[in-house]
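Below you'll find the structure, written out as structure tokens, and then a few comments.
We just call them A, B, C and D in the order they show up, numbering each chain from 1.
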Amino acid sequence: MLLLKEQPGVKYRQESCPVLENRSMGPGFCRITLAAPAIASLVEPGQFVQIFMPQEHPHMLPRPFSVHKADPENGIITILVEIKGQGSRLLASREPGSFLKLLGPLGNGFPPPPPGSILVAGGMGVAPLAFLAESVKYSRTLLYCARTADLLICPEADFNIPGLQIMRATDDGTAGFRGTAADLLSGCIAEAPAVFACGPRPMLVAVKEICLKRRVRAWLSLEERMACGVGACVGCVVPTIKGYKRVCRDGPVFPAEEVILDG
Amino acid sequence: MDEKTANQRQEKIIAPDLSVDLGGIILKNPVLAASGPFGYGREYGELTNFKDLAGIIVKGVSLEPWSGNPPPRITETPAGMLNAVGLQNPGLESFIKDDLPYLRTLDLRIIVNVVGCSIDEYAKVACRLSGEAGIDGLELNISCPNIKAGGMAFGTDPAATHLVVEAVRRETKLPLLVKLTPNVADIGIIARAAEEAGADGISLINTLSGMLIDTVKKRPLLGNAFGGLSGPAIMPVALRMVWQAAEAVRIPILGMGGITTADDALQFIMAGARAVAVGTGFFYNPELAKVLKTGLEQYLKKEGLAGLKQLEGIARF
Amino acid sequence: MDEKTANQRQEKIIAPDLSVDLGGIILKNPVLAASGPFGYGREYGELTNFKDLAGIIVKGVSLEPWSGNPPPRITETPAGMLNAVGLQNPGLESFIKDDLPYLRTLDLRIIVNVVGCSIDEYAKVACRLSGEAGIDGLELNISCPNIKAGGMAFGTDPAATHLVVEAVRRETKLPLLVKLTPNVADIGIIARAAEEAGADGISLINTLSGMLIDTVKKRPLLGNAFGGLSGPAIMPVALRMVWQAAEAVRIPILGMGGITTADDALQFIMAGARAVAVGTGFFYNPELAKVLKTGLEQYLKKEGLAGLKQLEGIARF
Amino acid sequence: MLLLKEQPGVKYRQESCPVLENRSMGPGFCRITLAAPAIASLVEPGQFVQIFMPQEHPHMLPRPFSVHKADPENGIITILVEIKGQGSRLLASREPGSFLKLLGPLGNGFPPPPPGSILVAGGMGVAPLAFLAESVKYSRTLLYCARTADLLICPEADFNIPGLQIMRATDDGTAGFRGTAADLLSGCIAEAPAVFACGPRPMLVAVKEICLKRRVRAWLSLEERMACGVGACVGCVVPTIKGYKRVCRDGPVFPAEEVILDG
């Protein structure tokens, strides 16, 4: 199978990474830039890192975050954080100059999108998909969708990528097209050779349905609560037609036809 | 103290001997990976070299493959976590074919955690494993539900404990640890039943049964509703049970439950453990074995002790 | 929805009714102070007004004064604490003379936690308290060692539980809660024994037995060696036991163990508790009752519910 | 009895206090100045405050610290912190401008020292005793003792108090007199009407013995692990000849002849 890469040698690293920048992206969101040379040089779109908590919180699990941008030349990666609970709040309050221990890159990542692919990002799903969009040169379309304009936290300028067509949609019509990601996708899927999606569960369910119906190959990036992040504890599984698969190791990207989303 | 004795003492202090004999399993130091979190070793093997770890207790192996519980399987709790993996495992034959060869390549003691739904199943798995090279011991996980006896765990009843341990003992000459569940009123009675039935050592504690509820969905948070609580939150309970088990039996004890520092490990040893195992702690810090080993070494040096022997159970005397 | 119904609904939403009937004890809201941490109320009474609290379960009262355990009596643990106060209390007569008059002045439900070393002692205390005005209910703490039966806690054995509850039931017409110890394999059996013997409600959980060791002194950290673990660390265990007890009995349940937020309290209610109690949480935040009451109110408003009834046990159905 | 004041009305307050200054006092020590007007106006020497942990640590008990200085006019109090574990480390890292919730003043405090009294401070025991020394105008002697010079964290300038005689001692002779607090006390106790002491247990044991032998009244300030801090939980007791007494409410100051130190 194309997707699940074999991992003969060790392809991930632990690094203690200085925070270079920590910028608020509107209430409840931030963007953290870290010096992580080893991870930056290895990471591919769709992979993620486990971020360990600062020493004052020795009894908290690491938190998984997608790599949003990687600059291997300068040894820098960027992540987008939505503040949901204690872990993300702690990350959002990290000052530049402080350190965070990272483990990564983890997971399989997306396969290379063929020309003309559609990338469907719901909310924070934009983090890995913007990276994917940047990774190829030929034409592709990014659908960037959320409930309302405030949740489209990546500014237009972020997508100044040659050959990238970008369409926005909000459920309430406060930015771009008024409607869901599924509505938008239905309107433009006709010619697409493949779809790549990351976002809330209901969006993925809709994307899967549309793509299966139109017989368009689709790859979905999933989330599950994690402990080890490397595939050892079998804690982060999702059901697939081939049995339970680990999101952290066999995913987070799964072929839409394999993964069982509401089982 | 003449010069020679002083020098000898100095030498000892420079390199204290951390090795221990856990019921016939000789460990280079007292730090093991607990069964479960470490899987079958491969993934953590990629992540860290195993130089500071004495051995791995691999994830529970059953006769047939078990698919495990539906997600979500884990969630964080204050200073701990709940897991309801449900003992997912590829089954005995797949373990022997796919995982054991890798484990044999490691310079580590390999202990296989054995699970089952019936005495017969436990015995069969133990028998088959005893014929395989590269296994240094078995750990019998008796927290599994005894299907024939209404689904209560074997390890909550001294008679059931005796029966299953006895049956397995008959099938294997490998060092046999029996891993107890903490969800009981009197751990000493269960430990004694295991000892009398022929165990070479006692492992404890397994996870405490617990749950959380998602108040948005108004449903249990875990797919299986109940899960096992592990991590620092449970360490005081684990330590108390190790103490009580140590009072009840003469065979050595493998202590675990919430260990994240060398001081934690020392507390277990002082309560009566011969060795310790770490599960959840590796999630917080994949390099924890090194922290523990170095910390124990430093403590022995500071105290001028040659080994761990004198510390075993010292807080009880 | 016509305008009138909408208005009515609006009204309900503005002031949801938090009151509950806990086995005959009518509470203005479901938040009680758990027995122990709050003493006999006086100190916290100085610290906060009691407006948001429905009632106080006062510290365990025995027939004669108990001096309690030697220090240290408490220590912090990850997300919790251990205490080995040892049920220090001034004894029944002193309680009635010195503490009850103060408690009567409060606009709160007063529940007295009863402790004893024998069935006879429990019965005597309950009988004497039943003759006093200003007491709204009793909570029988059956975690105490049963001296005649080798020192195991009454609450670890269904027969002993039945006997002690039955004996107390005979002596009192006050609403009677029975407080269970979590240090058992099957909480449902114990809860059922208490119900059958005449309890009006079940309180749980008491603390989990635990310990820590001071590695410098090489001795147990607490003066009494063992202590009781409480606080957020144990909440998953408490919640699971409330769920199991709720499955086992029809009488209402008072849930406790690690509650520090309104969401925690809701989880207990959704698992099957009618009301909740807070112990350790007050140490972290003396104003916790207000946080809980306000949070529950807000939740009901958000969900458009008139009261807590529909939420009781909802996660189980 | 003189010492155990009756508390008819509530004499303590909860305050949310801005940190005004947080100064390192050498490795492992710091001095924190807080705006706490209500507490500053009520506190007496020997009383303490419970400091609640910051919100990121919702599951930690408050920590007791003696009030070291109080300036009721400006509504300011100062505490001295020795970094021992997680709680004190968190306090030491609090930045000026951040807030700490305080409960206090708690405990009974010292009775007024008669003229000519000797105050024996071991290590951090200096915190309440410097406050006591400042609270009276007539002559009194402060013995300020520690294992080694680095642990005498309060600089000379701190004791520029009229009428106060100050003598230092270190076990290793690196500052002042070479010897223990007990050695120093034995040499100067002859004329003293009363002794007031705070410091490590072994020092208090020695002070008690000396004072009982010389029939000098002595008051000892004790420490115990605390939970409520207000007397409700009976968690912080010490044995006395009158049974167990609560350090937080009946103490922390006890008459030497009443308290049982090694029982």
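Of note:
Assume a residue touches a chain if its C-beta (ideal position, glycine included) is under 8 Å from a C-beta of that chain, and two chains touch if they have at least 3 such contacts.
The structure displayed is predicted, hence computed values, not measured ones.
Work out the mean CA point of chain B and of chain D, and you get 46 Å between them.
Per-chain CA centroids place chain A at a distance of 36 Å from chain B.
Among the residues of chain B, those in touch with two or more other chains are 78-80, 231-233. Residue numbers of chain A whose C-beta contacts span two or more other chains: 59. If you sketch which chains touch which, the chains form one closed loop in which each chain touches exactly two neighbours. Inter-chain contacts, as defined above, occur between A-B, A-D, B-C, C-D. Residues of chain B touching chain C in their complex: 77-80, 82, 152-153, 156, 183-186, 208-213, 215, 218-220, 225-227, 229, 231-237, 239-240, 243, 258, 263, 266-267, 270-271, 299, 311, 314-315.
Partner chain A is touched in their complex by these residues of chain D: 56-57, 86, 89-90, 93. Residues of chain D that touch chain C in their complex: 7, 10, 12, 14, 52-53, 58-62, 103, 224-228, 230-239, 243-244, 249, 263.
Partner chain D is touched in their complex by these residues of chain C: 36-39, 42-44, 46-47, 59, 67-68, 70-76, 79-81, 83, 85, 88, 231-233, 260, 280, 282-287.
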